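Have a look at these structures, which come just after this line.
What follows is subunit A paired twice: with subunit B in the first complex and subunit C in the second.
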Partner chain A sequence: MSLLKYEWRKLAGMPALWAFAAMCLLFNCVLLYATLWTCRDFNEGSAIAVQLGQRVDADFIAGFAQLPPADTPEKQAEQDKLLDFLRKMDDTLARYDSASVRQEYAEFLSVSPLSASLMDWKIQRAALRAEHLAQTGAAMDFFVGPITGQANGVIYKIFFKALLSEGIMLGILSMLFLLDYERNNRTAAAVCSSRVGRKLWRTKALAGVTAALALYLLLVILSFTAFFALWNWSGVWNASMASQFNTGIFNQSDFNYDSCRPFLPWADFTAGSYLLAIITLGAALAVVFTLLTAIFGVLIGNAYASALAMVIFIIASWAIWYTSYMQGCWAVFTPLSFLPASLWDQTLGWFTDGGIMYFIPWQETVTTALWLILGGGGTALALRRFNRKDVRI
Partner chain B sequence: MRLFWQEMQKIWRPGILAALVVLGVLFYFLRPKFWIELIPKTQNFDNSLMLVERYGPVLTAEIRPELDAIYEEIKENFNLEVKKIPGAAEIGITDLESYWAVDRSGEIYEVNVELFAKLWRLSMPANDFRLITGKYDGRMDGTFGIRNSPHLASYAPQAQTRIIELEERELRTKAVSFMDHAVPWYTSDWGRYLVIWTVLSVTLLLSPTLVRDRIRRTIAMQWTSRRGRRAVRTQTAAALASALLLALINLIVYFAILAQQGSLPLWNCPIYCGDGGIPWFDWTYGQFILMLIGMNFAFALAAGGLAVFLSQFSTNYVPMLLKAIPVFLVVGLVIANWALSDPFLIQKSHYRGADNPKGIELVCVLLLLAVSLGSCVWMCSRQQQREAP
Partner chain C sequence: MLSVEHVTKKYGDFTALENVSLTFTPGVYGLLAPNGAGKTTLIKMLTTLLFPTSGQILWNGEDICALDETYRGLLGYLPQEFGYYPGYSPRQFLRYAAALQCISRRETEERIDRLLHLVGLEDAANKKMRQFSGGMLQRVGIAQAMLNEPELLILDEPTAGLDPRERVRFRNLIHSLASDRTVILSTHIVSDIETIAGQIIMFRDHKLYCCDSPAAICKQFQGKVFEVPVGTAVQPGQFLLSERQGEHGAVVRLLCDMPPEGGVPVTPGLEDAFLAIYRENVE
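This part shows the complex of A and B:
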């Protein structure tokens, strides 16, 4: 434990790290400032939900009709249109037609039988989920009304993705700093002369992972503090993520094959529990990238070369995955959708059926767990190799 | 001079170069490739090449009647070819006029999609060519243009003057560029991605320049002599020369790709094409490309200078990377990306809002260069008084 403390202390003594973390925080605040228009509409919707509750029923509609008139004629027209929609609103998930979705994907993925069969199995599971959610009436939740899709797009595609990327960068750089520290300070030869000293690199890997987690969580806490100071979530914590107003979230996606699909989560997520789940998975993904960096760092033994190798690995894997999607090469795309880089790209569809992006239920969780094992195992093997090699100075 | 070449050798490391090649290839396939390949797909691209070769860069009132003759040839060709298409005569399409009459009614599409596609493809040269003459005629009789529309009031006074000046000059000279407005538009994307890549590659190449000496503990040894103290000047000179050299290498590769698209014969065409963006300066396509090339070198120097200046504050590679990442994000992804999106046009299409002041991009680049090179000069001058780290 004392060794771990010393490693953390080395990291904490690097001013550039804290300056970088502060810049990340500043950048997140700029992002929040740039999305103030969406935030304003979100807060208005949230205020309605506080007053009338989440479930759109007769009481909700009666309450909505009695809302004070809007300030401008345009806003009043929007309010009237929404009231009209709410009166006609029905449970869209009860009408979920899995047969047509299955047929559509079967035709679409016909060139790759494995992808087609996996997709078919996933859609059957998703249909069961839709059935269950229809029973709970989740699609009838108001969330924050018509702005829901756009607002969640801002939160999960822009704000959270920026946060996750920053967490990953901090994790990677912390790990590289610790692994290269002894070489930079000319202490590697002395430390590695004993068996106990050689074990220090195991402590470094552990310190790097924990530091990555801590830095990610620090950024999350500070950034979301700023976020909640602007975005009023008081009315939406208990709103179901399967609300039909949330369907438009996929219009924010860069991948347009199936942008108009319902938001079908694998568990009964509310806005609050979904946010918590996303943050948790983000932490796990930051750890995955940090562990992969540990492998490069231990094997290459030079922080700069390791950083370049890691960047090439991330960009190359993402590029092949993206190109296979653009070319419709599904036999390549399917296995590559289990890569950490593709998972990082798809923050918008985590814990949902994921449309064309995911081929099994809970794919993001399975992928993260798989890469945690691979990353951990790979680091252990790299450290074992390091213990048997001569010291390079 | 020997010291300079030694420093150059320290910068141009085979490992980093190999990584830059891999990253450069990935970057090209992920971003600029799509936009660059759109240049030859712009409307009337082949026609404009043919017309420029025959008549020069602009369409004038003297040339205009000759275009009617070319159009007649294209029409004749359609009339001959349409007879060979089975099913066309049955629905009353025997020549271009009858095709347009049926096309306007929308009947063909309902009757036969395949036939419609064939006829549409065949009519494309005539359609495109008609756009050139139609646009010219419209601009000469005042149908097109902003100066007489209520839209003019939405521009700032200086921009309004520029729009009126351009449109009145066009009417006076009766000369219009043969080039489609999308050609400089996509070429600016070529320049934008070239500059972003140059900033990234220069930052990655030069960031370790001063860090290596610190890691290898050579600074204390160097600084014991007066000559050694001045080493940082040579190092900075070598770094800036490397930035320019890498920018040149990137430029040669990207220019070869641009030349392959076949747009260089349009070199003397004015970039003001009426529609699309309105430029602040009376540049030709060639001058526009030269401006983008100049920007490439300016941003390379700016990024290189900042990377070297900041690397002196790093004791090892990780603090250096923590500075290099913001340098790339700010210089490459924010400033260069903004400056080279529709550069030197009155309005930037991706950035809705107020008009773009004249030459603001140049002011930004000059400021950036001043900060970057000023930091390097300051670093070299204070080197004499500093304690060895």
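This part shows the complex of A and C:
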């Protein structure tokens, strides 16, 4: 524990790290400022939910009809349009047609039998989820009304993704800084010939991982404090993520089935529990990238070269994954969708069926767990090798 | 007892040390060789920073690599280039070094106080090391090397940066420490070890040249070192060793088998022996 504290102290004494963290926070505040329009609409929807509840039923519709008139004719028209929709609203999950989705995906992925069979299996599981969610009436939740999809896009695809990227970068920086600290200060010889010796690098790896987690959580706490100061979630904490208003999740895909299919989470997530789950998985993913950095850092033994290797690994894996998606090379795309970089890209689809992007249920969780094991095992092996290697000073 | 048995260290095609065998018992050993002769390579192998390409190093009959932390726990080491954390004070740095040596907290403070006094840094104990001179940093390095009261103390160029007063103090310190432990001192400054080393180890062409007492090494050149006035032409077969101020002006020391004209025979010192042994390198 004592040595772990010393490693944390080394990290705490790095001004560049804190400067970078401060810049990240500033950037997140700019992002929040840039999304104020969506925030305003979200807050209006949330205020309705506070007043009327989440479930769209007869009471909700009656209450909605009695809402005070809007300030402008345009807004009033929108309100009337929404009231019409609410009156006709039915449970979309109850009429989820998995057979046609299966058929469409089977044709689409026919060039890759493995991808097609995995997708078929996933859709069957998703159909069971849709059936369950239909029984709970989750699709009938209001969330924040028509702005829900766009708002969740802003929250998870922009704001959270920025936060996750910053957390990952801070984790990578922390790990590289700690692994290279002795070389930079010319203390490697004295440290490696001490009783603890090269085993200190185990402590460094542990300190790097814990620091990555701590910095990520610090960013999350501070950024979401600013977020909740602007975004009023009082009406949506208990809203089901499977609300039919929560669409537009996969609208980045050219594959048009995605944009019209419901948001199908693998568990009965509310907005609150989904946010918590996303933040937790983000922490795990930040640890994955930090562990991968540890492998490069220990094997290469130079922070700059290790950083370059890490950047190449991330960009190359993401580029191949994305190109295979754009080109429809599903045989390549399927295994590559299990890479950390592709997982990072798909923050908006975590814990959902994920459309064309995911091939198994809970793919983001499975992928993160897999890479935690690979990263942890790889770091252990790299450290073992480091123990038997000459110290380069 | 530390034994080096047929140790060779190669870096690719380059052989840094070849088939070196040595035995170290309590006492002071001076590693004396020009830069690049393999001193630091041997020291890095003795401190487990490098692994021998072939051969083995044994501590009381057990391989030091197998002994791992048990061996390193009885080792004190001052690297050639002593690194430090600029934002730490000597006291903080020594506390960290104590944690690396797994010394209990209770013992740590007592040892730190004693060592800071020993190296004359009590007054600067809590100052940031970024303000320190080279000599002060070297003294912190010496203190950290002795923190675990090592049975085997290895010092690589320990007097670099020390002023003459500090050098004398350091030599006295080493002398007092050597009674019950092995001290290996690497240097290319002859005066550092001339008076305190019981055995001198020399390398030549990356091989062990000798391991003997200073007297025995100097004896090889008995009757072959002469002083002549400055300006005397150096003849073939004569080798210029050094120059110094004599009673009647500057004189040069020559190494030759036959006495030179006007030459005064002198008792060869370790520096003469060093220069004589490595004369090809100088030439």
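Throughout what follows, the second predicted complex is superposed on the first by the 385 of 393 C-alpha atoms of A that agree within 3 Å, B and C clash if a C-alpha of one lies under 4 Å from a C-alpha of the other, contacts with A are read in each partner's own complex, and residues count from 1 in each chain.
Criterion: a residue touches a chain if its C-beta (ideal position, glycine included) is under 8 Å from a C-beta of that chain, and two chains touch if they have at least 3 such contacts.
Please read all numbers here as calculations on a predicted model, not as lab measurements.
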Fit or clash between subunit C and subunit B when superposed on subunit A: fit
Touched partner set for A:Leu173, first subunit B, second subunit C, both or neither: first
Which of subunit B and subunit C A:Leu67 touches, first, second, both or neither: neither
Which superposed partner A:Ile312 touches (first subunit B, second subunit C, both, neither): first
Partner chain(s) touched by A:Leu4 [first = subunit B, second = subunit C, both, neither]: neither
Touching partner for A:Leu36 - first (subunit B), second (subunit C), both, neither: neither
Subunit B versus subunit C as contact partner of A:Glu182, first or second or both or neither: second
Which superposed partner A:Arg388 touches (first subunit B, second subunit C, both, neither): second
Touching partner for A:Ala190 - first (subunit B), second (subunit C), both, neither: second
Subunit C versus subunit B - closest C-alpha approach in the superposed model, Å: 8
Common ground on subunit A, meaning residues reached by subunit C in one complex and by subunit B in the other: 186
Sites on subunit A touched by subunit C in the complex: 2-3, 6, 10, 13, 182, 185-197, 199-200, 388-391, 393
Subunit C residues within the subunit A interface of the complex: 44, 47-51, 68-69, 72-73, 75, 77-79, 81-87, 96-97, 99-102, 141, 144, 148
Contact set on subunit B toward subunit A in their complex: 15-16, 19, 22-23, 26-27, 29-30, 204, 208, 215, 217, 313-323, 325-326
List of subunit A residues in touch with subunit B within their complex: 14-17, 19-20, 23, 169, 173, 176-177, 180-181, 184, 186, 302-305, 307-309, 311-312, 315-316, 319, 322-323
